[in-house]
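Take this structure, written in structure tokens, and hold onto it; I'll ask about it next.
Letters A, B and C mark the chains as written, and numbering starts fresh at 1 in each.
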Amino acid sequence: MIEELLFIRQEVAPELIAGLWMSIQLIIPSAVCGLLIGIVIGTLRVYGSPGLKGFAGIYVLFFRGFPLLVQLYLWYFGLPRIGIYLSPFAASVIGFSLCSGAYQSEYIRGALQSIRKGQLLAAYSIGFSHTRAIFSILLPQAVRRALPGCGNELIYLIKYSSLAYMVTCIELTGKGSILANFHFKYLEIFIIVGAIYLLLVSVVSVGLNYLEDRIAVPGFDRPKI
Amino acid sequence: MAEKVPVLSVQDVHKQFGDTPVLNGVSLDLFRGDIKVVIGPSGGGKSTLLHCINFLVKMDAGNIYLNDTRIDQSRKRELYAYRQKVGMIFQDFNLFDHLDALHNVMIGLVQVRKLPRSEARQRAEAELERVGLKDHMAKYPAELSGGQKQRVSIARALAMEPEVMLLDEPTSALDPELIGEVHEVIRAMAALGMTMLLVTHEIGFASTLAKEIYFMDGGRILEQGPPQKILFDAEQARTREFCSKIGRLNENSD
Amino acid sequence: MPEGIIVIGENLSYILGGLWVTVAVVGGALSMGLGLGLLLALGQVYGNRLLQRIVGVYVWFFRGIPLLVLLFIFYFGLLSALEIDLSPFTVSIVVLGLISSAYQSQIIRGAILSLPEGQFKAARSLGMSDTRAILFIILPQALRLSIPGWANEYTIIMKDSAVTYALGVTEILARSRHVAERTYQHFWIYILAGCIFLVLTYIGTKLLQRLEEKVRISGYAH
């Protein structure tokens, strides 16, 4: 038993922590870019010109419709054949951001559509331009309303970041896999890896709930499940 | 003689929703300090008229002049400047749900008028004090009563220093006991000489305030005149019928 | 590009051969998820406190660990530790089914909780046992309300099924990969693979929409 713990501490922990660090480096930029893409695409789908609406619709169709793993293969194995070479890390971040953005845009779109038309009329009536009304009146409301959904998407992103291993970006799952193969301890190491994800996901959901309460505005219903 | 130019002139406005005509050539003039009231049955086009005047609904034909200048709604800058000068009060308030009372009033000053935040805050506080809401500035719309919401929306419009106010049934969404506080604020605006075009069903209130009443039905102004004449001595049968119905309703509710 | 299209034409039938594996994995996982999810939901809503706790932990566990890691835990870890011999295909169905049961239980639970309390009371007032009330009054309504949630769950499992390729299940993505490696047309082959999944999710969603309309009770508020 002591031997086991010592083994974990000396051989496993440093490697997995390095892997976790890589996972976090994948997740944070992907989450930020995904949210930004989601806001832009979601807004275009509701308030864009017909052409932009069409573009945004097609974007969502493909990036939500293709399995994420297929998208990663497309970026990592597909693009070099047309002359674009991406590192495993870059391919993963781009893949996660584009896919996450498509999902986020659906939350933003739903939230924008749920805002009563009077909000826009009132903004116009005191001299707001269309663009300014969208940015300072509609989006702040939409983002608040979309927050539970967007937070959910972040949780998904954390879990799906494990797929980076499939395009040889060695993050937490990859490190675990290498260790397991090397020491022939599959069950123990994959359970530890699973526990780390579980912990990460739980901490982030607690954080998101806290954030939701912090920016809550009276009268904004926040569905909680 | 320059006095003779109306602040706001509405000329021959037409509007159809689908195949249904809602406005069939409405014209009216508001001179400085005028308070004019539009009455008439629901669906008669009153609300659409106000929305058209503020270009919130696109009219099919017609012209709007502010101080003798025709407003061209395709010129965006002109349109935004015009809307600042013509305040609009909505039936259902339309306060910005994510902002507290103070910021509801401030946001136009900061974003549209480009005032520095501190100055905007001072102005907004003053406007809220004027409508008697000094103690409710930090409350969000969901925490305010209907009457308080409508007063915030009036403060929001007044903060832009409008030359004309358009009020679209400002009290029709309110519980009876809250109507008084909003009427009081409107009366105070009148006392300061604000030019107003008011759509309302509160005929009693209207007749004490208005210089002239328009009776609208079927997308037209059927009759216009001083309150006493329209309410008690109208020429058109439709007007008499409507006024007696409304009069009875108001008596019953008293 | 023309080359890519020629390659697609030559290998389409081989890639589509993986269709049945994909459909079987998804179908198996969803059915297992529905059965188990239904039990979990009933346990969480009507069970005693201990049962509710257990279901809560179960849901937290299977919703918090990535699919890929769970596949590795089960296939490389549990199977050898317990000395059981199962094919990657079977393990994939089981793992996806367990995950899906966690999600489906929450869909059904939400639907049950959204029903007015009076439904249960009225059933009891007729002398129904609680089991009967759940079986004949609550579930027929709750399952109807769950269909939109299922449609969503179906699309997620359909896309996630591509991950089972990591265990060597020869579904659509696996076959696409073979072709891509052989022909060097990765770009077009993966676009093709993505489009096949897109069509599969579209067909499934449409079918569920049709089901929803078919079992709709007129005037029933959603």
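Just so it is clear, a residue touches a chain if its C-beta (ideal position, glycine included) is under 8 Å from a C-beta of that chain, and two chains touch if they have at least 3 such contacts.
All figures in this text were calculated on a predicted structure; none of them were measured in a lab.
J.: Does the complex stay in one piece without subunit A, or which separate groups appear?
T.: B | C
J.: Looking at CA centres, what chain is most distant from subunit B?
T.: C
J.: So what's the Cα centroid distance for subunit B and subunit C, whole Å?
T.: Spacing between the chain centres: roughly 55 Å.
J.: Need the CA-centroid distance for the pair subunit A / subunit C, whole Å please.
T.: So the centroids are 21 Å from each other.
J.: Per the centroid of Cα atoms for each chain, what is the distance between subunit A and subunit B, given in Å?
T.: One centre to the other, that is 46 Å.
J.: Give the list of subunit B residues in touch with subunit A in this complex.
T.: Contact set of subunit B toward subunit A: 51, 54-56, 76, 80-81, 83-84, 87-88, 90, 92-98, 107-108, 111-112, 140-143, 153, 156-157, 160.
J.: Would you mind writing out the residues of subunit A in touch with subunit B in their complex?
T.: Checking each residue of subunit A against subunit B gives 116, 118-119, 121-129, 132, 136-137, 140-141, 144, 217-220.
J.: Under the stated contact criterion, what part of subunit A meets subunit C in this complex?
T.: Listed in rising order, the residues are 61-62, 65-71, 73-74, 77-82, 159-163, 165-166, 173, 176-177, 180, 186-188, 190-191, 193-194, 197-198, 201-202, 225.
J.: Which of the residues in subunit C come into contact with subunit A in the complex?
T.: Interface residues on subunit C, with respect to subunit A: 60-61, 63-70, 72-73, 76-78, 80-81, 106, 110, 158-163, 165-166, 173, 176-177, 180, 184-191, 193-195, 197-198, 201-202.
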